[in-house]
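Sending over a structure as structure tokens; questions will come in a sec.
Labels run A, B and C following the written order; every chain starts at residue 1.
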Amino acid sequence: MAHEVEQEQHFHDPSNVTNPEHASHHIVSPAQYALVFAALLTGTALTVVAANIDLGVLNPIIALGIACTKAIIVILFFMHVKYQSHLIKTTVAAGFFMFLVLITMTLSDYISRAWGLW
Amino acid sequence: MDSAIANPQADHDAAEHEHEHVFVPQHRHHFATEEQQREAGSFGMWLFLLTEIMFFGGLFFAYLLYRNWYYDAFVAASNQLSIPLGASNTAILITSGFFMALAVWAAEVRKKALLVVFLIFTTLFGLAFLGIKYVEYHEKWEKHHIPGASFDASEFINPSAYGLKENPLPPDVAQKTQMFFFLYFAMTGMHALHMIIGIGLLVWLLARAQRGDFTQGYVAPIENFGLYWHFVDIVWLYLFPLLYLINRHPLAH
Amino acid sequence: MSAPSPTILKLPDQSSATMPKRNFINAEHGLLSWLLTGDHKRIAILYLISITVFFFIGGAFAGLIRLELLTPQGDLVSSDTYNKLFTMHGIIMVFLFLVPSVPATIGNFLIPMMIGARDLAFPKINLLSWYLYIAAGTIMIASMALGGVDTGWTFTTPLSTHYLNTHVVTTAVAVFIAGFSSIFTGLNFIVTIHRMRCPGMTWFRMPLFVWAHYAASILMVLGTPVLAITLVLVGLERIFGIGVFDPTKGGDPLLFQHLFWFYSHPAVYIMILPGMAVISEVVSTFARKRVFGYTAVAFSSVAIALFGFFVWEHHMFIMGVSNYSALVFSLLTMLVAVPSAIKIFNWCFTLQQGSITFETPMLYAFGFMGLFTIGGLTGVFLGSLGMDIQLTETYFIVAHFHFVMVGGMLMAFLAGVHFWWPKMTGRMYPESLSKLAAVVTFIGFNLTFMPQFILGYLGMPRRYHAYPPEFQVLNVLSTAGATVLGVGYLLPVLYLAWSLKYGAIAGDNPWQATGLEWQTQSPPLTENFPEIPIMDHEAYDYEWLEHKTQHEVTHVG
């Protein structure tokens, strides 16, 4: 079986269907990881400090904003998405889009209820 | 469309330097190239993570709804969570993730000893996280804050009797703290379950890494497990502010 | 050009034809070689057998329901038992039959072949998917044996969390596991379709079957986890009494419904899209014409998947949702009908000026097109707020979803099984008997479910085992139809089993269809193709096929 497989993939596939973007095999360095690590710890500290200051409606916004930033750098660097194919990037985006659809569309009911506790 | 075999040599050379047609022992025969197998594996793991996003999504919505309906109760209940423990746990989990990322790097540059060390640290920090979680859960058990038949909201009705600097809540509002604790246990519990599964997988990966399985060019399991571990980390990055830091300055109003 | 023959069936000369010496069925022997296989084709066969078993269990429940409804009084079973009957019927039919039916059997078998791959991306996960299905089915049977569950397949709270003492948690566990079976199938398909197409197989050269399965797979992967978490919450509420759906503790029962229907509406598209996939292939083959508007049909599959996520609240119009959100969701529901209609139009235009023949798969396809259209249109009636308030929770809804699911999806499944039976087994089924079964099914179906539209319109509520006497005539008609329908479904099991030993040898391409799966032996090799094919023509290219068959030597066996 093995020799059959090797024979096949000697003809190359010009329209490159199997790997359209030849996703480059970038290796993220430990130094980059360390920077991200530092940023994450800083973000955590910031979140705790900000929580103790009364900023009214901005509190949850800042907290979520910092959390989103942390998530983004984990995704881009720890999870290598910055260096991956368009397919992977689109997939990640699709996941978060779907999550947002769940939240917002369900919210559309609760926000507009006349009898609700909102 | 033109014949697919028109000019194989030129295309082949162009791509040759990018993926050597080297087959690692773990190559599966239904894949044409190593690159294809690796890409497919990564893509598959991301799709699985998408299912996890949607899985946790339901809990996040329930949280959003009830936090808005019962804000005062949620604030009071949230203030009973320990920030030092929560923040430390966040730092510990971030560190665990850092070591996992380093482990992936070690596998890619084929440094077996470093890979094993980094995996061990990932596991240790993961275990530390779970240890602190146990401490927190135990405290809730002692204070009768676990939702269900034995839930006791008296600490929220009469905080000064318990030596707490909080506003007292009317009894019916205080009962809603049970909803907060339910979400707390459901969300952190589900998260902890994913961590336990992850640690189980880490032990297995450690054994194989020690054997040298991942430092000969086949890094997919380490890479894909890394994706899973980072995802679990990201969930916690949201849980921490949402559960622990709702409103840490109630008396300022 | 010669006069069109009444059939396109082209079998090899039976006196000298033999089955291929080496194929996926005889490649390995022994039970373990099947139970531990990674071959997508073997897994598809395993699924086919299991799904058929569960179909008949679900069908038995349906028979009991119809038997009870022969008379206006609740005299066959008690009301609690009746509730269990329709609940188990619904759960088994939805989760153990309809959701996996085409994807896990025909999809599993054919998708790699249609795109020129040797297997799906993750064969072990494919096998795991089947084992999860079996586990789910076993737990479901256990739950039934222990006394069953009577919440309705929709597990509505607070009935399911507070007021019932039946095996809700056991059933929820079974459905949870079945959900993961579905997720892994979908995940496998998505990766395979993106990353394992053979050289030359661009997205727009793939059969439309693959497009529709791709769309359904996206729904499986993104929608099913929400069902999973919902079931977990129901379980936690039942076991620990936490109050997330309990109004007395501050919870909202409607939250359950939002989360449940967020999956369960896309679920209906998970169920129907693979059926539409089959119809595209069958209509093209038996009209000898490429599918009209390939791009429109391909994109309509994706559009159905996308819009399908935005309409779930139409299951909750009378449950206490806000008027404003109900308006929004009603509007979106109207929109979701459009891509489905586009498909029907395109199939009709495919038929126009085609050379149509009426083999069994085509009969089922015609049945689908008519019945699905009726079912789909009644869905539009139900999407309209004012009508829904009148018709919801009546037999109109029951008729609507049976038209789309049974008249639509089940007919498409049968079309697909018959169409690809020669490919999967190397044998032809007996054509006249199968045509009879198709006609019997069609007649039985209409007799069963058309009266139910009228019943619902007249106000008979669903899920009731007793009803006012004035509804009896229509109910008797419906039960009579159900009996005929049962015969219609039993026949294929019998003659298809018969054909395994005594059917005519099919050869590579009895239907003279385009598509890579038809260019290789029947049954296929374990590795699907001796060499990876190169796709150098468009999909549904009958001229290419004509050219190829003129120049090839027919080989036998």
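Rule of thumb we're sticking to: contacts are C-beta pairs under 8 Å (C-beta built on N, C-alpha and C of every residue); 3 or more make two chains touch, one makes a residue touch a chain.
Note that the coordinates shown come from a computational prediction; the quantities given were computed from them, not determined experimentally.
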Hop count on the shortest chain-contact route linking chain A and chain C comes to 1
The pair out of A-B and B-C sharing more C-beta contacts is A-B
Cα centroid separation, chain A vs chain C, in Å, comes to 34
The distance between the C-alpha centres of chain A and chain B, rounded to whole Å, is 13
Separation of the C-alpha centres, chain B versus chain C, in whole Å, is 35
Multi-partner residues in chain A (2 or more other chains touched) are 1, 8, 11, 13-15, 18-19, 87, 94-95, 98, 102, 106, 110
Among all residues of chain C, those touching at least two other chains are 194-196, 199-200, 222, 226, 258-259, 527, 532
Residues of chain B that touch two or more other chains sit at 1, 4-5, 29, 32, 36, 39, 43, 47, 50, 53-54, 57-58, 61, 65, 69
Per the touch rule above, chain A residues touching chain C in the complex are 1, 8, 11, 13-15, 17-19, 87, 94-95, 98, 101-102, 105-106, 108-114, 116
Per the touch rule above, chain C residues touching chain A in the complex are 194-202, 222, 226, 254, 258-259, 262, 309-310, 312-313, 321-325, 328, 527, 531-532
Given the complex, residues on chain B that touch chain C span 1, 3-5, 28-32, 36, 39-40, 43-44, 47-48, 50-59, 61-62, 65-66, 69-70, 147-149, 175-176, 178-179, 182-183, 186, 190
Counting only contacts in the complex, chain C reaches chain B at residues 112, 117-123, 125, 183, 187-188, 190-191, 194-196, 199-200, 221-226, 228-230, 232-233, 236, 240-244, 249-252, 255, 258-259, 527, 532, 534, 536
So, in the complex, the side of chain B touching chain A is made of residues 1, 4-8, 11-12, 15, 18-19, 21, 23, 29, 32-33, 35-36, 39, 42-43, 46-47, 49-50, 53-54, 57-58, 60-61, 64-65, 68-69, 83, 87, 90-91, 94-95, 97-98, 100-102, 104-105, 108-109, 223, 226-227, 230-231, 233-234, 237-238, 240-242, 245-249, 252-253
